[in-house]
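Please see the structure below; I have some questions.
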Amino acid sequence: MKRITILINCNDKQGIIASVTTFIQQQSGNIVYIDQHVDREDSMFFMRLECEFSKEIFSVENFKQSFSTTIATNFEMNWHLYDSDKKPKMALFVSKYDHCLYDILSRYSSNEMEVEIPLIISNHPDLEPIANNFNIPYYYIKVTKETKEAAEDLQLKLLKEFEVDFIVLARYMQILSSKLIQDYTNKIINIHHSFLPAFPGAKPYHSAYKRGVKIIGATSHYVTEDLDEGPIIEQDITRVTHTNTIADFILKGKDLEKIVLSRAIKLHTKRKVMVYKNKTVVFI
Amino acid sequence: MKRITILINCNDKQGIIASVTTFIQQQSGNIVYIDQHVDREDSMFFMRLECEFSKEIFSVENFKQSFSTTIATNFEMNWHLYDSDKKPKMALFVSKYDHCLYDILSRYSSNEMEVEIPLIISNHPDLEPIANNFNIPYYYIKVTKETKEAAEDLQLKLLKEFEVDFIVLARYMQILSSKLIQDYTNKIINIHHSFLPAFPGAKPYHSAYKRGVKIIGATSHYVTEDLDEGPIIEQDITRVTHTNTIADFILKGKDLEKIVLSRAIKLHTKRKVMVYKNKTVVFI
Amino acid sequence: MKRITILINCNDKQGIIASVTTFIQQQSGNIVYIDQHVDREDSMFFMRLECEFSKEIFSVENFKQSFSTTIATNFEMNWHLYDSDKKPKMALFVSKYDHCLYDILSRYSSNEMEVEIPLIISNHPDLEPIANNFNIPYYYIKVTKETKEAAEDLQLKLLKEFEVDFIVLARYMQILSSKLIQDYTNKIINIHHSFLPAFPGAKPYHSAYKRGVKIIGATSHYVTEDLDEGPIIEQDITRVTHTNTIADFILKGKDLEKIVLSRAIKLHTKRKVMVYKNKTVVFI
Amino acid sequence: MKRITILINCNDKQGIIASVTTFIQQQSGNIVYIDQHVDREDSMFFMRLECEFSKEIFSVENFKQSFSTTIATNFEMNWHLYDSDKKPKMALFVSKYDHCLYDILSRYSSNEMEVEIPLIISNHPDLEPIANNFNIPYYYIKVTKETKEAAEDLQLKLLKEFEVDFIVLARYMQILSSKLIQDYTNKIINIHHSFLPAFPGAKPYHSAYKRGVKIIGATSHYVTEDLDEGPIIEQDITRVTHTNTIADFILKGKDLEKIVLSRAIKLHTKRKVMVYKNKTVVFI
């Protein structure tokens, strides 16, 4: 069977679900999952469908063409069709911390993640041995104030060359340029080490310690030009006490960061996340 | 607008969703929520729909008649239609513990729960003053080995008289008879003070303390004839340490019990729970 | 047996623990619990002791006198001795929300809380019937811009009259004056409906909804003159999804608020909280 | 400074804390952490101390000698002294699952764990490349019904040869012999993939799925001769829904298993766990 995932977003109107599901039935498709959401404030409709078709008779191109000129046009839809046979290509950006990198690569090596990882880019050489152990090309691109622009051009060139679909900042300690963010809108996933919107910016564990909070958190979000203000994909927290030092906060936080980031990556690769008004609809 | 909720359960086949959604559209209905689930092991299909219709032209009876003779017959569906204007009637069974009772009644008095509570039944007189404060009739029906059968007959008579739709055992410390359970299949909600299947039966906190667990829990489930083995609706847990005594376990557990039970009641009254193979599908 | 609780705070030096424990032994006391913490950054020492003494021979006054002139002087301690026979007196301040009030009063009525509640003060008359049900005097003191000062004078008068030890703001929707805060430093417990420092101030659930967070929280803290910036006693969170409306946030939050506030009250009444540098040491 | 950790366990009597802390002061030691617990049911006393001494004048042997012949004798203590300069030696036992192994080794390589790992033992050759990447000797010792005894002899020989202090079963899929368990009482840490005592034995995720639970868990415990019934060190849980398949349970569980096992290892290596009556006192 051929499996496809369709994401739909449009103004809410009567009859969308019936139209779409009937269309798929007419194409001899079987709906495996259907998820739907309506933002009542804005009358905005969201849908995610996973459908199966017989491989012999199904053509993705014909389906797209037909869907596009009928239903999608009628309801003025934003929509995407993803072929489940094609694994998305994910670039990893890292600096010196290795916990998220190890976590992602060990999942990758046990086929837990439905992605390809064509390359790792870093502004430091430190983690290259880990990349080597997992046989993934590692590009050390130094970033200084002077070289930042050239570095980003090189990064972009590599991303295009490897046909990267989305980027994961696995504790990459650099702020990306507007150009990169615009080229990969809602396709750059960051992990921030606080339960946003608390403690944005640098050194959140230090701020959390100073404020005397009883819970710390981690937040995975899409990167936008406003630092740490992009649409939140996933968050989680853990408890801390007065006995915990900043070093303890950092250690506990590492466990959160890697789990939360991996969850966000999985949601993204399964096409379960839709972005709207700087928020996410996450179908689970 | 008239709002109805439809629950559907049948063998999975191609075209169910399209058929149902098209039918609703043809009846000039608008689908507000759609949730669907397929148990792949058994090819079993589950769906929950909330739909709105114009009050002027919609007739629940006509809709039922029409749905029943067409789609429901074609797909051999088990299905139920609930009119959202009609609040379900909930009977509370209590003994001596008051924490769940207070929690439910305080939510009830602030209109947080979409139910009517026509009566409270208890095997002890202790909690009658609380019932009086909330102006709910309280029936003290003593249960001893000798009176058990007569007591249950009286309970059943009251339940019928007040047209009770479902029963909540808010820490009711008696085992119900088969008759009552059969009359209210999947309509009796219990709260058990452990994370089932750990520690079924009596004194779970004592057993948990003895075993030295680091988490304790509470489980809300539908009552079946197998004690504490009915379909689980909701569970939650909290952490304990070696410093906690059994008394602490009980106190911490009370907070879990009341929250978990109230969540289960809400899920039930919103018709979000479907039972299959002694498990629940819970649409959220 | 006579049980006392001692809280000690001073600069960290060698030998404090040995001196204190030896002193208690010399007084024929038995140490039931000992908890200790050192803030390494500031070399600040914290200790909490629960001790038992034979009622026949023990005199609180003699103990205080002796401890004060020896060890407490030597180590320049801030210290407090609490007699476990004396329940602290707690005043409740409420407005219109009843969930925290019901939660506290139902615990109170089942002797779960080791406090006396001599009075409830409110700026609205709405919750008086609840107070009546629990037989607690209810003082409705209207607060407007014009009457604010007079209202607070009256509040203070009542607090003194009833010899109130500490105040709980159970969703009291007014900002307290400096005078009241200064008179009850680290003795006013508030519940704020967000995981502070995220979303301080008014309407945090609305802000959380707008930001698209995946977790919401509640924070109980001591009130200081900086709004929502006092020392945090306890926090907890719950998950939300894109399907939750603001009304859902508020409902879910109510369950958090009442549990978190009750936990904070219990910690306070058991003398388990010490404040330092706008943070809390919470012995558990 | 020289830092030592002392664990003490004896019948509860008046004056223990004063005696011990005074003794340490007399030896010119500084108490950095003190934790104490009394099991009231059995009048059993537990204490953990971290103390610092000046390196020039302190002798571990003299301290031990002196403590042993005075206080330890007086109070009939079971006690252990650990030199914080000496990292405990941990043997890892694995089979085919790599998630716990990767998690432990990546923490190990970033110095997050205060242990040495002299060897990895496995009944399968599969994970040897991972061991090689981290430069740790890997011993593949096949275990069949026929070779089980010889295999264990070889295991024991290696454990002695490498002076192993404790063993971690990182999803090792074999039941250990009595001999090994007796040689390493309370020194073998297992991770079981359920919230024990629910679902002991094989295939807990399958049982959890069948039972329809809403939470799954993982439990780290010391191995005793009763399968999955040893003293629990740490547990944690995560939520599941009807949409999760057994495969999802397993994936979600892997994240729990690795985090819970690593937490248990850290608690053990920091000497924060004491065992009594098949339960643990865990000082945090």
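Each chain carries a letter (A, B, C and D) given by its place in the written order, and its residues are counted from 1.
To be clear about the criterion, a contact is a pair of C-beta atoms (placed from the backbone, for glycine too) under 8 Å apart; a residue touches a chain by one contact, two chains touch by 3 or more.
All values derive from a computational prediction rather than experimental measurement.
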- Common contacts of chain A and chain D? B, C
- Query: Counting C-beta pairs in contact, which comes out ahead: B-C or B-D?
  - Reply: B-D
- Task: Express in whole angstrom the distance between the two chain centres, defined as the mean CA positions of chain B and chain C.
- Result: 37
- Task: Compute the distance, rounded to whole Å, between the mean C-alpha positions of chain B and chain D.
- Result: 42
- Where chain D touches two or more other chains simultaneously, the residues are 241, 243, 284
- Message: Residue numbers of chain D touching chain C in their complex, please.
- Response: 14-15, 17-18, 21-22, 24-25, 30-34, 36, 38
- Note on the structure: In the complex, the residues of chain B that touch chain D are 37, 40, 195-199, 211-215, 217, 231-237, 241-243, 245, 277-282, 284
- Task: Enumerate the contact residues on chain D facing chain A in the complex.
- Result: 98-99, 102-103, 106-107, 109-110, 112, 133, 241, 243, 251, 254-255, 259, 262, 284
